[in-house]
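Okay, handing you the structure first.
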Amino acid sequence: MNADLIIANLLNPPVLFFLLGGLAVLVKSDLELPAPIPKALSLYLLLALGFKGGIALRENNDGLALPALCAALLMALATPIYAFPILRRRMTLPDAAAVAATYGSVSAVTFVTATAFLQRLGEPQSGYMTAALALMESPAIAVGVLFARLGQRNGDDMRSRFAVLLHEAMLNGSVLLLVGSLAIGYVVGGAGGESLKPFTEALFPGLLSLFLLDMGLVVGRRLGDLRRMGAFPIAFAFGMPLFNAALGMGIARLIGLPVGDALLFVVLCASASYIAVPAAMRQALPQANPALYVTMALALTFPFNVVIGIPLYLSVIAAFW
Amino acid sequence: MRAIKRIEIVTDALEIERVAQVLEQHGVSGYTIVPHVVGKGERGIRRGDELSGVFKNSYLLTTCDESQLPALIEAIRPILGQRGGICLVSDAWWVQH
Amino acid sequence: MNADLIIANLLNPPVLFFLLGGLAVLVKSDLELPAPIPKALSLYLLLALGFKGGIALRENNDGLALPALCAALLMALATPIYAFPILRRRMTLPDAAAVAATYGSVSAVTFVTATAFLQRLGEPQSGYMTAALALMESPAIAVGVLFARLGQRNGDDMRSRFAVLLHEAMLNGSVLLLVGSLAIGYVVGGAGGESLKPFTEALFPGLLSLFLLDMGLVVGRRLGDLRRMGAFPIAFAFGMPLFNAALGMGIARLIGLPVGDALLFVVLCASASYIAVPAAMRQALPQANPALYVTMALALTFPFNVVIGIPLYLSVIAAFW
Amino acid sequence: MRAIKRIEIVTDALEIERVAQVLEQHGVSGYTIVPHVVGKGERGIRRGDELSGVFKNSYLLTTCDESQLPALIEAIRPILGQRGGICLVSDAWWVQH
Amino acid sequence: MRAIKRIEIVTDALEIERVAQVLEQHGVSGYTIVPHVVGKGERGIRRGDELSGVFKNSYLLTTCDESQLPALIEAIRPILGQRGGICLVSDAWWVQH
Amino acid sequence: MNADLIIANLLNPPVLFFLLGGLAVLVKSDLELPAPIPKALSLYLLLALGFKGGIALRENNDGLALPALCAALLMALATPIYAFPILRRRMTLPDAAAVAATYGSVSAVTFVTATAFLQRLGEPQSGYMTAALALMESPAIAVGVLFARLGQRNGDDMRSRFAVLLHEAMLNGSVLLLVGSLAIGYVVGGAGGESLKPFTEALFPGLLSLFLLDMGLVVGRRLGDLRRMGAFPIAFAFGMPLFNAALGMGIARLIGLPVGDALLFVVLCASASYIAVPAAMRQALPQANPALYVTMALALTFPFNVVIGIPLYLSVIAAFW
């Protein structure tokens, strides 16, 4: 693999700010972004991402959108199906279901970081990958909860919760903002979106850096929870992304996605959700332990992808494409 | 001053709406909620998740007559049983205005 | 009227984000902008609006500033005077007074949206219209409370509250920030304000979109209150803006305002306050019911103006000018 | 531990300053305020208006000796009468440090 | 309903972590914290400094059995003695779920 | 001295917004920036300042960096040493120690305002001055607390607190963010930092204006505390900056700093801390009275430096260089 890409990624300001956040927790500094700022930044990132994606979706359609979206949906549905039986051997039913959903769903921030990395490298990317991101947020949640339901006695109670869950998964604020902004970007198009560019594009790398600084703090604080975790979840949190990345690469090659889009697709497959999934699980599977599934996604898979995964995947793609 | 029962409930922020509905069904005149409190109990620490905005508690304070209390408690108990939290009852005097 | 303008307005990103906010409430999504962000955005809009207005006021003075400001003051004072007797037939004294004040005062966000719309169309606008906005915020509040006072027994208590109210109305944070930024823009002028341009101008459409997304959420949540409202307040909330717009157009024509400024003036006349007025009424008329006057201004008049009113008024102006 | 009276007041955030002034005039040693609480009572729901920042409640906790109580209550009552809210009195022990 | 002791503590936000540790050392089952409250006491007004983020109080609510109380109070007292604040104890009933 | 510079400074938008904030308090307006926004703005300023400083540090090294940093460290250590005996005559031991630390440490906002002023004047400045700012935040705190410890009986208790304090002083969130951003800027360099420019540079004057608006409000609210203060603290709060500015100028002349850097160095010497020091003192010297040391730094020294000091120092420097 290509050490230059790893270094290029490590010299990316957002990644460096992420590491700074982690360092701050390590040295027990009291640095923190006060309460609603991280939430506001994540809304900004989704809005900007969706809006740019919508404009791109309209302008550049190379016929690969449909296969890419189908592949995305497929991966989102398949991941929990093959992950669940593995997880179930070592975890309780609700925990296995929640972790399976976590890895089938995606991390918008990992995607956004890959996007910023491609932009630095001057590698083009398509708007429909943002649509793929939106598409992959929810299906795995439904699959995961379905597994939990099938395995449980009190089906009645679960049935009523299932409706709540579908609603929560599809109309979760983050998903809605992403999809809505995508639609708005599509509707107004490039000329109509010009006036928003300073907001959605010029500010993007800066606000992403600030957000990743906070992610570093959040991840750092979670690292303590790892001690209470067995070897299995830790192995899974690194193994699953690598497996999914390999699978994703094969699919991307088959479809014929260009390099940039292939990386984004792989990153979607390899990433795990720590926003949409906990929000839905709280409702649908309150028995699942968030200290397990959130910590795996957030403290292990997320930093692995952002620091090593993205350039690693890209260097493999570059070798095979 | 009139003797009343003072009820405090801490539970998942999401369930506090359901608690408030139960109160209204039982004809309780009013309540006050502190929307975001940090807590520790059987389910570990709950300080509100920074990213997904979930896993946080709310605190609710309300009052009722001694006669209303038993029915109210029976209605609230299952919610706490499902989602965790506590309910404390104490004596107080209501200052009429 | 001109359907193209309506469509142009509907393709304006801020308006689309407003509709997205409304949609989010409709489908019961949990999308929300966390607590102080909307407030911070509204302060930003006032600061940027005032600052740009101040610079424009200094640079371009076409002799119409004084008549425009006089007309603005006149409309702000007259509106509650003719609105009150109509309202009093169907409402309690404090409610009628509060609603009269609401419609005599103005909505800065409606004004700002009209401003962004004109900018998209390339239609010029004058700095003194921002001064008119500032001028129209408070007088109607004083008139409304005066009516309430005249109709009430306990004049003594009201007298002391009247001083409080005048203070609240004139030195309300929003009004002060707008006027202060206007003054600062005027003092530093175009060259001195250059360094703030990326903040006050480039970011403006983006932050306005974000704020209107939140306005959509707020309005959506208020829509439920409409059911408890009679037909009269609803009719008033649409009728009054139309009447005031017509009146405003006549005055703008008389003074000879150019198209852009005429639209802004009409929008000021047609809009209703939901920030300055509640803040003052809480002090001066605590008996008035905010569920009535805030809901009328916010859930009916505001969306009507932003979505339909602005392009409608402009198409009429375009026809007559 | 010394027996004292524990007083809780919930009212319009704007009026809480006036309540605090009244407390100081009556020589109350200290108080604690939760600045922003959500409430429901006779005047409907009050959750703080997002735009104008008005229509929100505050919660105040304070203590006094039994002898101070009647005068204090008489002083606070009119404020609550005008603006709404509640005042609860209960028994507690102050842990001296 | 089981009779328990209800304990409220208000002190510097920084010290509230230490108080929580003390509670856990004494086997207290749970607690709830309002992270940021405004207060006035012997040390003047404490409303949280806008710039440095210091000088703010937290409020903690917890419960214990009558038998645990004396030891708990002895452990908390020195913290309050050093940093200021108050500790109130009252009677309440715990609603079992 | 040069009246033009004073006027140029007064026509600087950030300074005007600072005055607007003060005015708002004076007329009892309810204008306020809601709770975490000022904190978020201060984090932004530190991040942007550090990042820009790091890039500049890498690109332009004129051999003056080392002497400048040594001089900065020297001033930070010396100031509390000569300030403490003067203060001790009229203040309690903890108060004297805290005030000495306050004046030995620095105000990042004053520095940033000087930076913006230089930029308006087109005067160049070096990246290592930002490093000097970071370097001067903590040492005075250690010296101040050392004095308090030497004068006190219970050395044992103090010893344990001293470790806590050093940690707090060095790894305080603000200091860490500044130093971390400096390092990141240095590592990525000019080309690597290009993408963050719209965030760290274009927005800077605007967000600084917004922050200074809030500082005006904060200072205004503190002015009431001055009445309870004797003449001595007030005299010290003006005298110490002037003395330190004179000393700083001499040192800057000796080292041969260019005009811009000389001003920044003088501003560091003359400014007093109201963020890092209270955060550390709360831990290390809880007996010291914040109503004294914070009010002196914030309500007297800060506005003096921002409104009069910066142009005054520059006009003197301009005369002697």
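Structural remarks
Note that the chains are named A, B, C, D, E and F in the order they appear, and that numbering of residues resets to 1 at the start of each chain.
Simple rule for what comes next: contacts are C-beta pairs under 8 Å (C-beta built on N, C-alpha and C of every residue); 3 or more make two chains touch, one makes a residue touch a chain.
For clarity, every value in this text was computed on a predicted model and none was experimentally measured.
With steps allowed only between chains in touch, the distance from subunit A over to subunit F comes to 1. Relative orientation of subunit B and subunit D, expressed as the C-alpha superposition rotation angle, is 120° to the nearest 5. The centroid of the Cα atoms in subunit B and the matching centroid in subunit C are 40 Å apart. A separation of 36 Å divides the Cα centre of subunit A from that of subunit B. Shared interface positions of subunit E, i.e. residues touching 2 or more other chains, are given as 34, 53, 90-91.
Across the assembly, subunit A contributes 34-36, 39, 198, 202-203, 279 as residues in contact with two or more other chains.
Chain pairs recorded as touching, per the definition above, are A-B, A-C, A-F, B-D, B-E, C-D, C-F, D-E, E-F. Against subunit B, the residues of subunit D that register as touching in their complex are 8, 10, 34, 37-42, 57, 59, 73, 76-78, 80-81, 86-91. Taken in their complex, subunit C has these residues touching subunit F: 35-36, 39-40, 43-44, 47, 51, 167-168, 171-174, 176-177, 180-181, 184, 187-188, 192-193, 195-196, 198-200, 202-203, 279. Put simply, subunit F touches subunit C in their complex at residues 11-13, 16-17, 20, 23-24, 27-37, 116, 119-120, 198, 202-203, 205-207, 209-210, 213. Residues 35, 38-39, 42, 214, 218, 274-276, 278-279, 282-283, 286, 290-291, 294, 298 of subunit A are the ones touching subunit B in the complex.
Interface residues of subunit E facing subunit F in the complex, by the touch rule stated above, are 12, 14, 44, 49-55, 82-83.
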